[in-house]
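The letters A, B and C name the chains in turn, as written, and every chain counts its residues from 1.
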Amino acid sequence: MVKGYEVVIGLEVHAELNTETKIYCSCKNQFGLEVNSQVCPICMGMPGTLPTLNEKVVDYAIRMGHALNCSINRICKQDRKNYFYPDLPKAYQISQAEVPLCENGYVDILVDGEERRIGVTRIHIEEDAGKLLHSDKFDGVSLVDLNRCGVPLIEIVSEPDMRSSAEAKVYLETLKSILQYLGICDCKMQEGSIRCDVNVSVHKPGEPMGTRSEMKNVNSFSAAVRGIDYEVERQIAVLEAGGTIVQETRRWDDVKGESISMRSKEDAQDYRYFPEPDLLTIVVEQERVDELKATIPELPNIKILRYVKEFGLNIKDATFIAESVELAGFFDACMAKGKFAAKCYTTWILGELVKFMNETGKTLADTKLTPDNLTDLAEVIENKTISNAGGKKVFVVLLEEDKPVAEIIKEQGLAQVSDEGALEKIADEVLAANEKSVNDYKGGKTNALGYLVGQCMKASKGKANPGKMKEIILKKIEG
Amino acid sequence: MNIDIKHIAKLARLRIEDDQLEKFESEMQGIVNMVEKLPDIDDELVLDASNPMKLRKDEVADKKFTRQELMQNAPKVKAGCLVVPKTVE
Amino acid sequence: MLKNKEISSTELTKSVFDRIKAVEGKVDAYLTLNEENAMAQAADIDSKLDAGEELSPLAGIPVGIKDNITTKGLRTTCASRMLENYVPPFNATAMEKVLDSGAVITGKLNMDEFAMGSSTENSYYKPTKNPFDTDRIPGGSSGGSAAAVAAGEAVVTLGSDTGGSIRQPASYCGVVGLKPTYGAVSRYGLVAFASSLDQIGPLGKCVKDVAMVQSLIVGHDKLDATSAYREYPNYESQLKTDLKGLKIGLPKEYFGEGIDPFVKQSVLNAVKEMEKQGAVVKEISLPSTDYALSSYYIISSAEASSNLARYDGVRYGFRAEQFDGLTDMYERTRSEGFGDEVKRRIMLGTFVLSSGFYDAYYKKAKLLQRRIQSEFAQQFEDIDVIAAPTTPSTAFKIGENTGDPLKMYATDICTVTVNIAGLPAMSIPCAYDNNGLPVGLQLIGNRFTEQTLLNTAYAYENIVGGFKMPEL
């Protein structure tokens, strides 16, 4: 609720599929090449050309449908959406109108610790348009690059189920991680491979839903949050002043932090949808639908819930691990051994490993770390064979070398001394040499204890079991 | 059924000059009157699944065309791109 | 095919171009001639033949191509200002097949602009004349294709048929024309008019030639998702003249008041001749014929309005010289680039698809299409071939119908239903009126029964001893 108004948010996400070829022609589907170099007569809309549908696009869309718990419309069609724009070569976009490939799904997300189910109205397949390049340097003209024409898209439309910008952000991040888990989209927002349009409306509790406005040009998830927050405030201000909200399309300007009404093309925009006559009915065999369902792994949003509930991770850590296919797979394998608590692994994964990955830019796969050797490390720490400090040294080696943990400990002499006799001897020596500190401690300076333990560690060349050492010192001081 | 010529022309990006408007309107009206005479039919347009489309394999084809070839019919080209009047969203 | 060393391709091609020089001024069938390349192609074929190579029956034969079929490196205008200087970088699939067979391409043939018309008077460039009477239209939209054959300016030609555009000019010009089953010939490279109705087809002086070309151009094309997966016979080798037991249906709706009595009688006479040879004739009814014209105009205009939206002056084709901003550029380009008939169809199509009207027009027309299709299917359970007039009258004078679009549309009445139903159909000459103008007999078959149609036509041709070509 904001200022006494309920907020209603719906999101339309467009994701470019990373198939080898475009959706309706065999041009290579690749970003960033020289302008107009990845085109052919078909995606350029030259006279006489015809579209042919790429089977992978259907497969990927159905997998996303399964991942979002949708029902799959095995029998469906494509439709033409007719409008004029320089980046649209045929002056129509081949899309899907009333019968999308997938519909009536949902995704479960965790927002501020609360489980929320966001409905997914539909997922459909369509082609992307080209790019318009503008610059003040171009004298009153714009330039058109058609490389992106025909890149396959899935459009994922949510139900207007979100109630806050924070919720919207989690939803978007969840969709992104699911797309990455499925391996069907590289999700590079800066390259435009994932885009979203935001629909926002507000209403007073108990009253019917308000008129929504649609906002385009939202170029990042945090921009989505900013845009939503702004739009909510704007709409409330209009309503409070006695005005009404106009159903319109607005353009979000992230730099200025405001949304501007786009020239109302609304009334002129009649897309005259009709079934695409150049393509036949799409019929996906039930067998194929089932086969594709079997390829869906446990998805990140489900993992997060599981990590929190079963392993007691906090949301932040759970999300961090779950969102990475690599890290999650690794973590799951470690936990599957059933030997140690999650914390034994997460300290390493979220600590030293992430630090290493950030510093070197490497991935987990680039290291020699395995669930087996990390489990061995966890064991020698749990049973106090080595200290945490020693553990770090072992970890560093494990990243680079395929060496057994025991061998590393031996080579570097990391084994902790836990033998009571040996520790007592060290304690006696240190206490004898540091009478002042002992008296300080007795006098109330508690940090003198740390100093004394430190001296013991020094005397033992770091090998003393610090916890035990502390115990012995205390016992001797307190008698 | 009366048709709004100006609106349709706008949708189709056609311009019907004022002096042609009346003639055009009456021609269009005549055609619309002819096509209107269709009997009422109550069925639904069910998708024909008897002839399913065979889908294309996701394999890159050898490039058969150079950019030059594809752009050679373009009215105006600059820096490898097509030139259009300034178009801001 | 006629060439077993009787005449070389070079000689044949030269004689065709000589003919073109002699009569083209009167006929105006061509928009672009390809003489130099054609002579080179002919020479090439001759050397291959001399070397004893086995070549296709079409090798070395002068073939004319309707100007809405894309030809790589050869200007393809669709008889429109919009594509006046458009040179495609690729060939239509049907074109590739013709080229692969070694045919010699004489040039691109005149037509109604973007295939919209019934007289070739809608060509931006010039009207084509009927070789039987140069004051009269040759029909449309493949007017150039039919006239060129009749005038001897090509041996065979390719045309396209969306509502009768091969059959109707074939009828007016006294030649043989075949519209294949929808999906038999690839549409890749055929500049789209109505995607669910268009088909490329052959025209020629005799059934054998048409059969031969048809075999060459059919087949599934992976670039056309609507092309059928089938094997097709060698039509020419399977031609037979035996009509015994052939069941011919005469649909009463095609012999109504709007049909000229002479045309009606000529068609019935032709069918009687076939009966004498053993065919069995029965009267049938196709009640939905009444709505066919309306359904046709709704469906074809709707699809056309969308297919022609790409002509906007951005990537190819005509662009207006003066304009102020993007919308103005679009409007001026399209208004100056398209002729009136094209604009009418685009407007009608835009209207029937527009918000609030889709159900009442387009959806209804599509539902009626299904009804028309099932009506035919039902009839074909008991008959093999339907016989009817191709056109309600013989060729009308140039300018006679140009003031009245509806009158022009009405000349399509016998042909459009076939496209709506997706069936194959042919037109062959069956009589000549008092003015010497040809009357066309239309034969309609069930899907993929081109062999039956060709056989029936071949048998009739045999009965009458061949079809006469006009004196020019």
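Note that a contact is a pair of C-beta atoms (placed from the backbone, for glycine too) under 8 Å apart; a residue touches a chain by one contact, two chains touch by 3 or more.
Note that the structure is predicted; figures quoted are calculated from it, not measured.
The central chain here, found by comparing per-chain C-alpha centres with the mean of all protein C-alpha atoms, is B.
Looking at A-B alongside A-C, one finds more C-beta pairs in contact between the chains of A-B. For the pair chain B and chain C, the distance between mean C-alpha positions equals 23 Å. Distance from the chain A centre to the chain B centre is 40 Å, each centre being the mean of its Cα atoms.
Centroid to centroid, with C-alpha atoms defining each point, chain A and chain C lie 57 Å apart. In chain C, the residues touching two or more other chains are 86, 89-90, 222, 225, 309, 312, 314-316, 326, 330, 350, 354.
Residue positions of chain B with contacts to 2 or more other chains are 11, 13, 53, 56, 64-65, 70-71, 82, 84-87. Multi-chain contact residues, meaning those touching two or more other chains, occur in chain A at positions 41, 44, 46, 52-53, 84, 86, 144, 146, 270, 272, 279-280.
Residues 1, 3, 5, 8-9, 11-16, 24, 27-28, 30-32, 34-39, 41, 43, 45, 53-54, 56, 64-65, 69-76, 82, 84-87 of chain B touch chain C in their complex.
Interface residues of chain C facing chain B in the complex, by the touch rule stated above, are 85-87, 89-90, 222, 225, 229, 291, 293-295, 297-298, 305, 309, 312-319, 323-332, 334-335, 338, 343-344, 346-348, 350-352, 354, 357, 360-361, 363-368, 370-371, 405-406, 409. Interface residues of chain A, counted against chain B in their complex, comprise 19-21, 26-28, 34-37, 39-41, 44, 46, 52-58, 75-77, 84-86, 99, 132-134, 138, 140-146, 216-217, 251, 262, 268, 270, 272, 279-283. Taken in their complex, chain C has these residues touching chain A: 69-70, 76, 78, 83, 86, 88-90, 92, 187-192, 194-196, 222-226, 302-303, 306, 309-310, 312, 314-316, 326, 330, 350, 353-355, 358, 362.
Against chain C, in their complex, chain A makes its touches with residues 41, 44-53, 80, 82, 84, 86, 89-92, 144, 146, 270, 272-274, 277-280.
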